[in-house]
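Here come two complexes built around chain A, the first alongside chain B, the second alongside chain C.
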Partner chain A sequence: MSTEWGTMLWVFRRELGARFDSLSALTVTIVFALVAHGLYYFLGHPVGDLQLPSLWAGQVASLQVVFAWLPLLFVGLIPALTMGAWAEERASGTQELLFTWPVSGRASVLGKFFAVWFFLGLVLAVAILPLAVMVAGLGDLDWGAVFGGLAGAFLLAGACISISLFLSSLFTEQLSAFLSSALLLGLLWSAGLLIHVMPPSLADAVFYASPYSHFFDSAARGVFDLRDLIYHVSLMVAGLWCNTLVVEGRRWA
Partner chain B sequence: MSAKSMKRATQRWNAALSIALLVVIVVFVNDAARKHVSFKRDLSEDQLYAASPELEKRLGELDDVLVVRAFLTASPEQGAVQIAKSQLVSQLRDYEEASKGRIRLDFVDPNSSSEAKFEAVRLGIKPTQIAGNVATGGRGQEVWLGISLKYRGAERAIPLVMPQTLEYAFASELFRLMRGYTPKIGWFGPSQGLTPKAGDPTYVQARRVLQLAGELVDLETLSTSEGVPDDIDLLVVVRPDSLHPRAAFAIDQYLQGGGRAILALDNHHYSLSGQDLPAAHRVTGLEMLLDIWGVPLSKGILWDRNCVTVTTRNPVAGADGTVGDVLTKTDYTFWPSIDANGLAKDVPVTARLGGLVTYWTQAILEKTLPDGVRRIDLARSSDESWIVDAPNTVTFDPSLVRSQGIELSATAEPKSYPIVTALTGKLPSPFGFGKYPGAPKPLEFFDAVIGDKQWEGEVTDEAILSGVEEAHVVVMGDADWLRDGVQGYFFTPDNYGVYSASFLGSLVDWLLLEEDLVALRSRSPISRPLTDFLKVEREARELAGSAGTVNYDEAEVRTKSEDEAEAAASASRTSAMAAATGGSLLAAFLFVGLPGFLRTRRRSEFEVLDEANPKGGKS
Partner chain C sequence: MNMIHVQGLEKSYGNLEALKGVSFDVERGEIVGFLGPNGAGKSTTMKILTGYLVPDSGSCRVAGIEVTPGDPSSRRSVGYLPESTPLYRGMRVDRYLDFVAGIHGQDRAERRASVGRVIEACRLGRHAGRRIGWLSKGFRQRVGLAQALLGNPDVLILDEPTSGLDPREVVRMRDLILELGKEKTVLLSTHILSEVEATCSRVIVIAGGQLVADATPFEIARSRAAELTVVLRVPSDQIQGFDAAAIGRDFAHVPGVARLVSAEDCGGGTARLVLDVNRAPGSVATSGEPVAEMVADALAKRGWKLSELTWQGDDFEAAFLEITDPERIALVGPLVREQPFLAEELEELTEPILSTRTPRSGDAPTGGNK
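And now, the complex of A and B:
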């Protein structure tokens, strides 16, 4: 077990190091921060049932607008971060090299997963904490809601990453991995918007399956709900297990 | 097929089956969690999204089984209603768990059970007609979203609930069931179901709030009856006008008997309809009481810089002869806007209220209080208020406001005045005993005849109560805030009246000693305004309280200082944004860019070492 833990850590470091080596990590962080800030300052959240004004129009010390955008921002960001995780390894042939090392499929999957998750956590902190500090300087910010929102966003990101990584493992081309992943996450995000046109029995189930209902209706408002934790963890476990199945299957094929 | 390809196919099948099984497990686990897990903790300061401690406490105090019957349509055709229904079910299950077995929960659908439908109708629960879902070909549906609570033989119903209102409605009815009776609220004021004259204020919305809190009883007159009925738990007196001393006596004696009252008073009557009542100073008839209690009203009204900005549209002729509308914004200083700083923080009624707007308001002056009487000022005007003579007409004129502001600043120091005050204690009576100079002696007015009715009581000086029981009174220097909404002002669910209903409801609960309900009602988001840079800059430049005219002539009319203030405010906003975004960029370079740069540099150093020492060395 300790060897597997060690190899997982080794993969984690390797993946994270590779990410930091390229300028893309910095670019992604800066673009994400600028987009989130721009939406918060100038646009608000004019989408769906949840219409929120921008910071200056609303004049309220709250980060709800940023949190409302996060699930949609993840639809673009997470597939971009994960598309190369397996697809590139397969395309460049490094996957076979990886399989020759004494690293189990589970350790590889977990190492890659935690590397992306850690990086995304960093991106979230870098983009959102300075905003929170600024807003707290201008009004009475509810820090409980902010930390609840950040924790919820981190969990949501974990669930999305595990799904995206699994999809990445199914494709050889990065673009296919990106598109399929973005499509699936986009569908999950839009489930909350489509409930008005769905049959009622389906609407209820789809709304519950949507990450939106497990993030914005609870964590983004500072509420810890055990059902949300179960939802996110079950998605993570399912995604990682499927990913491991695919990788292990390929190793022995 | 070769053995290898067969093996590969088998592996694929196994993988596909495993994934399908996993999906089923995930769905099953989440479905089970949805139905059986209800652990939830609200980490926010607002505490809006989890069962409140007050409700949990009351549920823990149940010493018998509470039967909760939810009359919910099983499958609403609209997805949004279906989700609301699911949330209601989830919330009720939370309550069931919090009660530790004292709640028996029962779900029925009146659309599919005639017995349930009959029972719902008997309890006054009615279905709501919702439009059909066009996308799914629905044709509309009667939806039931009602709840009944049964406890120790008594039963109460909530005809229509939504997730946002469930907790308060559930708790109200539960408290009443546990207490065993519904409080009676006496309404003594104008427009009691009669058709009001044009221009007269009506109070339909405020009365609706009172009806939610208890049984509303209209007291037609206090002058000719035997006073306030004994079974009235709370008396609400709204805009009394020249009350006969008998009515004042009835109110006084009700309070002497330990009564509770809200007195919303106006010495000046204004209207926005153009059919103004005379704005001259009027007499409420309660002046004696207020004076002896130590809370007299000012004769003039408050002029407050912190006020409502009114937008009016006036036609003007341009230079080319065309007529257009000019939009004028006036800081109408006779409508004080009380912000969170002006509200008492240590009283549950106002602790979490975001604000309150009052209209043509009298200040409650500060006088020596009778012995043992406690005074709490629930709402106060801003520090920049003056008491001025009430104007005869309603005029929205920014230049007039500006000149008044300059004149007032030059003549008197501004100060904050109480607008809503609560008194608790044994209040003295001005009647009888010769305690209050000028008060009519009881026999002088008890023998008088009003209309065709004679006062039936037999009252002597000795029979008059004074300072006997502890009374609770809330005196308000304004009654207009209770008026039905007009043009977005007064008692409206939006705009400036947004807090009125919450304030009135909380006040009633507080006076009825249902402080737990006050805590529940005030579970609205805490007001968290951002720094208003424009206000800060204007205050720094000592600009008058008028917002000025907003039209194409604006630039010409505005003073240089105002332009500077706006520019400075804009610069402050930009600085704030730049600071936050700059902070993010700096953090990105420090935590993402720098580690990457250091790794790359370290690797290139090793590469140089490798080149210099190709036969050995570590790299």
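And now, the complex of A and C:
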């Protein structure tokens, strides 16, 4: 319906505007960029199965190190971006107006989701493209792998954001929303590390269920896999659907 | 046409029964005061009317549209100002209002027109470029009202629009509501009883989740009127053998009078009688003023002149306390008039209160009436 699309765009605009209005968004972006750059130059990726040296140590013109770190960085970044989305509306009572305006629950859920997703896309671009430009100046950079990695990271972020937003809708306090979704995303990330100590059947299931395994072995290496797209999109849809159920269900509270 | 129709609303929060079957109607163009002690269920009723909450049972219609969860169409006809005025404090006033207009599906030209209109109506002009969080409580309240007006709704639901405002702002808000009431149907909740008398043509009172009164402010105030003072003068040929006490005893038998409190001989054939009419049958003035009329008739029949007829305890606040008293509710039931209100009648009934009411101690210092 066109009006639903219209109201969704207005929610999107407001959410995005609110992010640019506040200093916290700028802070988050700067911290994220600094950490990503620091890890890339100095530490490499000495964690888990995907062992990679830092730029200075390895002397390889590739952004694989950054992409390998992104899932763990998302564990901190995404809950920080999503925690307020619903919890703040509840805490300040503004949702009482939001849900008495002629807006459907679905439109407001989607508006908020796309606003965070769009913002995160900007953060990714701002943090990673300068690295790519610099590395391309030093050596022969595979731009296809860079954009493939960015696209994969963006998809992964979408899945994480929809889960985080759903968790934010369950809480009134932003801190609780942040901690619970950081905990959940952290557990999913660490599942990849624990696979070796699990029984094989369980390890397989955990491996396929974790959003990160749909990133490490493909997009992070510059490979684009259609199955990953389907996986992430279904996760997003599931998260947004639960989110809509929760916020619309509050009317029966 | 009924602009608000509420039928048998019930709502519980866990074990707490917030509403136990509330029904009422509000006609087009009425300003109705929605009163009740804290926790009576006022806000819950308003949240149900605006579609924010779904009742356990019962139904409501706003502007003829059934309030249905998941269907925003009834919400288009309602402007709502919640109790705590929750606004996005980080936004500028004009951008916030533009956003709300956009949410209501208005295009660019419509938005410009409607935002301009509500900024004008709520006198927000000088503050349009400021952040909402920086405004004083009074101006935030005006922004809250402005957003409620943006969709040009037929029905306004205002939950304590004057709470926390200084007396000057209270008067401004009251004037604004009176102005809006000329075109819109307004349901407003408040704890400031003088405000109800000044703005509302009708009052709905709930207590403990039940309707306890549905009448005009005048009738509610009069419902408690405990004593009727009658000063009468007998014709000169009857001054001989004048006995105030005997006259008083005579009046104790007038229908509606419970007993004679005092009878005083003021000299010159004038007697001052104080009659207790409280709780006497027919004394609750739900159908005019039967007691006063009966007394006047009794005087006329005897050929006596009426010099003064005064109600004592004609006090809205005291009446409110009494009708929301659980014991009284159990004893006499709700104060609801039997016949429907007529528009002319409402005008007539509220007029004296609006124009001639003398300021009382409970009023705001600047609280003149328009």
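Just so it is clear, the second predicted complex is superposed on the first by the 250 of 253 C-alpha atoms of A that agree within 3 Å, B and C clash if a C-alpha of one lies under 4 Å from a C-alpha of the other, contacts with A are read in each partner's own complex, and residues count from 1 in each chain.
The rule is short, and it goes like this: a residue touches a chain if its C-beta (ideal position, glycine included) is under 8 Å from a C-beta of that chain, and two chains touch if they have at least 3 such contacts.
The structure presented is a predicted model; accordingly, all values stated were derived computationally and were not measured.
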Touching partner for A:Phe207 - first (chain B), second (chain C), both, neither: first
First, second, both or neither for A:Ser22, with chain B first and chain C second: both
First (chain B), second (chain C), both or neither touched by A:Val246: first
Touched partner set for A:Gly93, first chain B, second chain C, both or neither: second
Touching partner for A:Arg14 - first (chain B), second (chain C), both, neither: second
Chain B versus chain C as contact partner of A:Asp140, first or second or both or neither: first
More chain A residues in contact - chain B or chain C: B
First, second, both or neither for A:Arg227, with chain B first and chain C second: first
Chain B versus chain C as contact partner of A:Thr172, first or second or both or neither: neither
Common interface positions of chain A, toward chain B and toward chain C: 17, 21-22, 252-253
Residues on chain C engaged by chain A in the complex (per definition of touch): 13, 47, 50-54, 69-70, 72-73, 75-76, 78, 80, 82, 84, 86-91, 95, 99-100, 102-105, 147, 151
Of chain B, residues touching chain A in the complex: 8, 11-12, 15, 18-19, 22-23, 25-26, 29-30, 33-34, 37-46, 48-50, 75-83, 86, 133, 135-136, 526, 528-532, 573, 576-577, 579-585, 587-589, 591-593, 595-596, 599-600
Contact footprint of chain B on chain A as seen in their complex: 17, 20-23, 25-26, 29-30, 33-34, 37, 41, 49, 55-56, 59-62, 122-123, 125-127, 129-131, 133-135, 137-142, 144-145, 147-148, 195-201, 203-204, 207-209, 218, 221-227, 230-231, 234-235, 238, 241-242, 245-246, 249, 252-253
Chain C contact footprint on chain A (complex, rising order): 3, 6-7, 10-11, 13-14, 17-18, 21-22, 92-97, 99-105, 248, 251-253
